[in-house]
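Right, one structure below, let's go through it.
Order of writing sets the chain letters: A, B, C and D. Residues in each chain are counted from 1.
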Amino acid sequence: MADTLISVDLSESPHTNENVHNRWHPDIPINVWVEPGDDFKIETYDWTGGQIKNDDDASDVRDVELEQVHYLSGPIGVKGAAPGDLLVVEILDIGAVEEMNWGFNGFFSKNNGGGFLTDHFPAAQKSIWDFDGMFTKSRHVPGVKYAGLIHPGLIGCLPDRKMLDMWNTRETKLFNTDPERVPPLAALPNTQSAHMGAMKGDAREKAAMEGARTVPPREHGGNCDIKDLSRGCKIYFPVYVDGAGLSMGDLHFSQGDGEITFCGAIEMAGWLHLKVEVIKDGMAKYGVKNPIFKPSPIKPVYDDYLIFEGISVDEAGEQHYLDVHVAYRQACLNAIEYLKKFGYTGAQAYSILGTAPVQGHISGVVDIPNACATLWLPNDIFEWDMMPNANGPTKYLDGSVDMPIAYDL
Amino acid sequence: MADTLISVDLSESPHTNENVHNRWHPDIPINVWVEPGDDFKIETYDWTGGQIKNDDDASDVRDVELEQVHYLSGPIGVKGAAPGDLLVVEILDIGAVEEMNWGFNGFFSKNNGGGFLTDHFPAAQKSIWDFDGMFTKSRHVPGVKYAGLIHPGLIGCLPDRKMLDMWNTRETKLFNTDPERVPPLAALPNTQSAHMGAMKGDAREKAAMEGARTVPPREHGGNCDIKDLSRGCKIYFPVYVDGAGLSMGDLHFSQGDGEITFCGAIEMAGWLHLKVEVIKDGMAKYGVKNPIFKPSPIKPVYDDYLIFEGISVDEAGEQHYLDVHVAYRQACLNAIEYLKKFGYTGAQAYSILGTAPVQGHISGVVDIPNACATLWLPNDIFEWDMMPNANGPTKYLDGSVDMPIAYDL
Amino acid sequence: MADTLISVDLSESPHTNENVHNRWHPDIPINVWVEPGDDFKIETYDWTGGQIKNDDDASDVRDVELEQVHYLSGPIGVKGAAPGDLLVVEILDIGAVEEMNWGFNGFFSKNNGGGFLTDHFPAAQKSIWDFDGMFTKSRHVPGVKYAGLIHPGLIGCLPDRKMLDMWNTRETKLFNTDPERVPPLAALPNTQSAHMGAMKGDAREKAAMEGARTVPPREHGGNCDIKDLSRGCKIYFPVYVDGAGLSMGDLHFSQGDGEITFCGAIEMAGWLHLKVEVIKDGMAKYGVKNPIFKPSPIKPVYDDYLIFEGISVDEAGEQHYLDVHVAYRQACLNAIEYLKKFGYTGAQAYSILGTAPVQGHISGVVDIPNACATLWLPNDIFEWDMMPNANGPTKYLDGSVDMPIAYDL
Amino acid sequence: MADTLISVDLSESPHTNENVHNRWHPDIPINVWVEPGDDFKIETYDWTGGQIKNDDDASDVRDVELEQVHYLSGPIGVKGAAPGDLLVVEILDIGAVEEMNWGFNGFFSKNNGGGFLTDHFPAAQKSIWDFDGMFTKSRHVPGVKYAGLIHPGLIGCLPDRKMLDMWNTRETKLFNTDPERVPPLAALPNTQSAHMGAMKGDAREKAAMEGARTVPPREHGGNCDIKDLSRGCKIYFPVYVDGAGLSMGDLHFSQGDGEITFCGAIEMAGWLHLKVEVIKDGMAKYGVKNPIFKPSPIKPVYDDYLIFEGISVDEAGEQHYLDVHVAYRQACLNAIEYLKKFGYTGAQAYSILGTAPVQGHISGVVDIPNACATLWLPNDIFEWDMMPNANGPTKYLDGSVDMPIAYDL
């Protein structure tokens, strides 16, 4: 059996665990070391560290403290790994923990995080998803069932000092273009609820003040929220510090491309079984700046899609220039309108797009002025046939079940 | 055998063919009528109407007259189709014509069209792709071979007057924000080389002045350049005028998500075998604003991918806010750097990304401030193994073969 | 464009065409030569040479002259290919001919050929399948539609003298164990309707007397009826004579594993676009006795299966020892009973199993005394949902349409 | 969390566990009851009850007591299930147990069980396979790695008295045609090492004397060894007794079609997470005699195959009549010869065919006198490229590692 190198106790605060951290900083010490070729297990908290409960009240989503996220397990040192190398991480397996056999999905309040469609869904809402073996269902979103495509939303190596400075500089610059914006343009360093792993004293205070938030994906990977980093995939990470310093968390049972609901996919605590190797000087050999990866041979096969198109004209009819973000939002809104014809509420439809293994494709980015994005909705996740036909849609749901909502106080 | 309802003669100018047009306008007359349930064949020019030649000189790409594009075959009337209906189009088959058993891909000059990576590849270049049955190869890009995923880059129904006006209004508004920009922000109506089908006289002149260019995708579909509209798929189009008025063209033998090279995919003349049905009042029944479609069961299976990530920090290190366009550009640039390590020139690598069935996924759009996009490169299209390993890449190509280039005069 | 090296005229008897033959014999002369690396096209008759008509009368199936089959196009010589080599054949494309845009499937009379379930369906029946682009449907079997998986049922190289003698010896030995059996145990050499290509005079007479029938698959491949030899696959054939002498025919638009209806798949005339290469001394290098092949990346994806099991206990309850033939027959009969619950006649269900891309798996061959075989029926070929549910099946068909039948005279 | 309804202690003899049995008999009492709609977990022994060890000595395979097999967990009662119903079993998940994170594969001695290729591999041999998360590798068979396709080799419901009698009658009849045969034609009832669950006293003795061995697949399913009954599939079982009486065991981490090595697949102890439903009167409603099933959306995708053909002419050149068993044996032998060219020993190659997710297709069963079977070998399981090329194969292995062998004493 592979050894569990980092354990977490869901009944305790993540801040008591020195092998957990929630900021990126080169000085966070590596406590756990492995050899290239080793395989081992790592446990993780859910990204909020247990702030969201399995109940029918969305006030926990509304009141979530986002300064806490994301609780990562690590950093793990790989002996011999040095700056410029590629760290090869194979996800041999991944799963939920026995004591938390469920996950959550939600929409943040527009005033506390927001999300992709926050103008359409400004209030906090949540849905709870139960895990039945390799499948999940929700009492708040009837009629759908997915096979797990379990993956870490967040995984990557520690930045070095130079990279950290670059991150902070460029993100501060953007933030300062509109510092009052809600939600903000960037999540800047913030000592509130910072967890710096085993760091202590002044060094900890200083690092907390400059440690990069874990929110965005960056050159090292990080919070990419790529649904395809699932069991069986092999990822090649850039290494910036001696030992690499691999950390991970934010496990998702299932997610659609884009993680559009932001809070988020089907979020869960869990464990990973990993194997690591090193390609010496791999960054230069292969010209790698951001991580690359090879997906798994064992992902769920959902290939009976209905596909929705969106173009870069926004809800107000405004023309945008090759803006894929706007185009994908339109494709998502189109899919939500479609699902409502079958009886889903808008919130339920939005939740499905955030949690099911939908694909989001960049279909056209050169035909001025409109980008074209497509949303691929798998038909096989529904209990019912959701394809169009000459008779029109059947209302399978009567609206009696909806997702809990919590309005801002 | 299905009848060929629209024929084209590649040796003649498309302007001599009254069943061809290159602008969108509600007054373009329907000359060809079919019944719901009919199947039939349609021939098309390549999108440029034959401007690009099968040779090793890229000056034709440099000098292309973009006002001509795209030459569409149609409009086809479907009896009984009325505004508010959905026109169901099934692509029963699609192929190249005997007399043009090859296609082209290229990069426009930055001063005449440009493209997704025009700052990196500002000069005109082209590659010629030969069709060997269901496969294609290029003498200008050695070592790759793809199975055809043949599709019309452009297909949709005629707009009504109200929709046409809306298009022109919003695009003009955008254009006017920076009217001197090269390439321009939008392609506005332009009588130069306009082909208004069977229209004649003053009506033609007036329509040419206000007819929408075919360049962008819009509510009716149009130039979506979605590679998955291939043989076997079924598309549901909004109908705006009596008879629907379906037109199509811009056939591609193969293309990657995004059609990033703009000129374009592997462009070809060809034919489509179509079947049409009507869902009465389908737009309201299903809440459809843009087309939706069901992809084919017979697309090539390339599922051994190597995946490149990109984030919304541009080449200059500038931070953008959740900009998927920027993120996808970085993923593409990352893939090009990778391919160069194996001996491809940058132009060849760019051409592969534009022509091979690569996928472009919107992987994360909520993790402020960085969007994350992924480029999925199929390993099986290469003669060689392109996966990373501990020994580093092998240079399979010595640079002796490259794509023709033509600098601006 | 690739040249068409062998043409056929469906309005003329195949016996007038010297590039056609219907027996295997090393002395059949090679009239058509190509170089390794060449690609070219070959036309073929349907396997019966046009004996079956597109009508609603099954008497042509009942009265078919089986001595005529199979009309093959070839032999094609590949320069430099020599005994012991592997001939690599890539099927670049394959299709139907314009003038015969349909195919047939049938059951032979038990007294003239029989078939896999001949005891259950002893009379001749047929169904006609129309080709709509890449799809096929039948007026005799409503409610199903398949994407083509077009392939040559029969393809291989000429045997040398030694191999021909071995074939005749071993098959005659089997035949002689029960020479009166109907249908016979083997199809032995027979001069009736023999077509020996360009051979003439005494040599032709002698060769006709000893030429192997084309009915069974043998070491060279031949009539393997493997549905996966479709467009895009690459086959490695053993070579026995100088020039290889490649011949092919018996094209199928679609077929299930086992070609259980015998007459046969969806049989058609057509053309192939091929490319050939040679691996010198490949038989010894790779230890190849029978052909090996790599299937295509462009086969239809039907992966929503319902799977039927069968064991080696026959219809009378008799126990057989690890007999996969009996087990697969039971799986087929189980599937037919199932389909009858939805309204299909037994003949229609049998026809579906013979023509649709069903898979037949050898699931267990060691658990004495029962072999276990499985029949994989793709659900997506049906207009209706054919999965079991708690309410029981819906009768979609009222029995008013059935396949033509012709009883023995 | 789902409750574990049947636990096993691998350190104790299965004979001490009343929820385990190794014979089929209607009188074995149901101790564990569930409701339709329940989900629950079941643990199982490996099929031999722990007779095979994780070491490099094959004498345990040689000396295995086959009268013990297979140790099944059950029978489980489903309330309300009655004869004539279909019991719907969904495999929500399945896995290995922590304390036995490995499996075994072997060949029985020809004098004690034999196997599909026992004439070619008459001595006992074994290989040990370690589980690394969802993947497996063997120190005895280098260079291959598979994703798990974990499944119960054996699962089904209790027979009623009438079915039991029919089984015993027909198998005895076959056995008696050659009672001295080694291996025997059938495994008849045998009290040696019989485990009748919770039965006691005279009733137990009587039941042991007439209880059907678990070796063959039969009408109820049973030992089908179908590799596709993996996590995510849904099986519809005939019910013969009140409560159904579902039992299962013989878990495999991975297996090829046919389970040709007999001892067996990669055999393991483990657990299943199941959900059950009932379709009342389903056997008649759907015409079901043997189980039917719908495979999973989450099976490993290995679709880069090299395919080997075999025909029904045996190793001695003897012609058999449409015998798929002989044809599949030839395809397997052909694949073994091929793999030997790359350096594998025959035993290693045989072991790969028994353990990897190879497919065995019944390709042609009507072309007298030869059946054609195909073996589909997935290329992606190998560390090396195993495809043919003009240069011939590379010997990747030097023969220094082989599988342990134990000759008969």
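The rule we apply is simple: a contact is a pair of C-beta atoms (placed from the backbone, for glycine too) under 8 Å apart; a residue touches a chain by one contact, two chains touch by 3 or more.
Since this is a predicted model, take the numbers as computed values, not measurements.
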### Task
Please name the chain that ends up farthest from chain D once chain centres are defined by their CA atoms averaged.
B
### Query
Any idea whether A-D or A-C has more C-beta pairs in contact?
A-D
### Summary
Rounded to the nearest Å, the gap between Cα centres of chain A and chain C is 51
### Distance from the mean Cα position of chain D to that of chain C, given in whole angstrom
32
### Query
Using the average of all C-alpha atoms in each chain as its centre, how far is it in Å between chain A and chain D?
40
#### Entry: For chain A, residues contacting two or more additional chains
301, 304, 380
### chain D partner contacts - residues on chain A that touch it in the complex
1-2, 39, 91-93, 98, 101, 132-135, 147-148, 231-232, 273, 275, 296-302, 380
### Query
In their complex, what parts of chain B are in touch with chain A?
86, 88, 115-116, 166, 170-171, 173-175, 183-187, 215-219, 221, 223-228, 236, 257-262, 264, 277, 279-282, 285-295, 304-311, 313, 317-325, 328, 330-331, 334, 337-338, 340-341, 359-374, 387-390, 392-393
#### Entry: Footprint of chain B on chain D - complex, ascending
301, 303-304, 380, 385
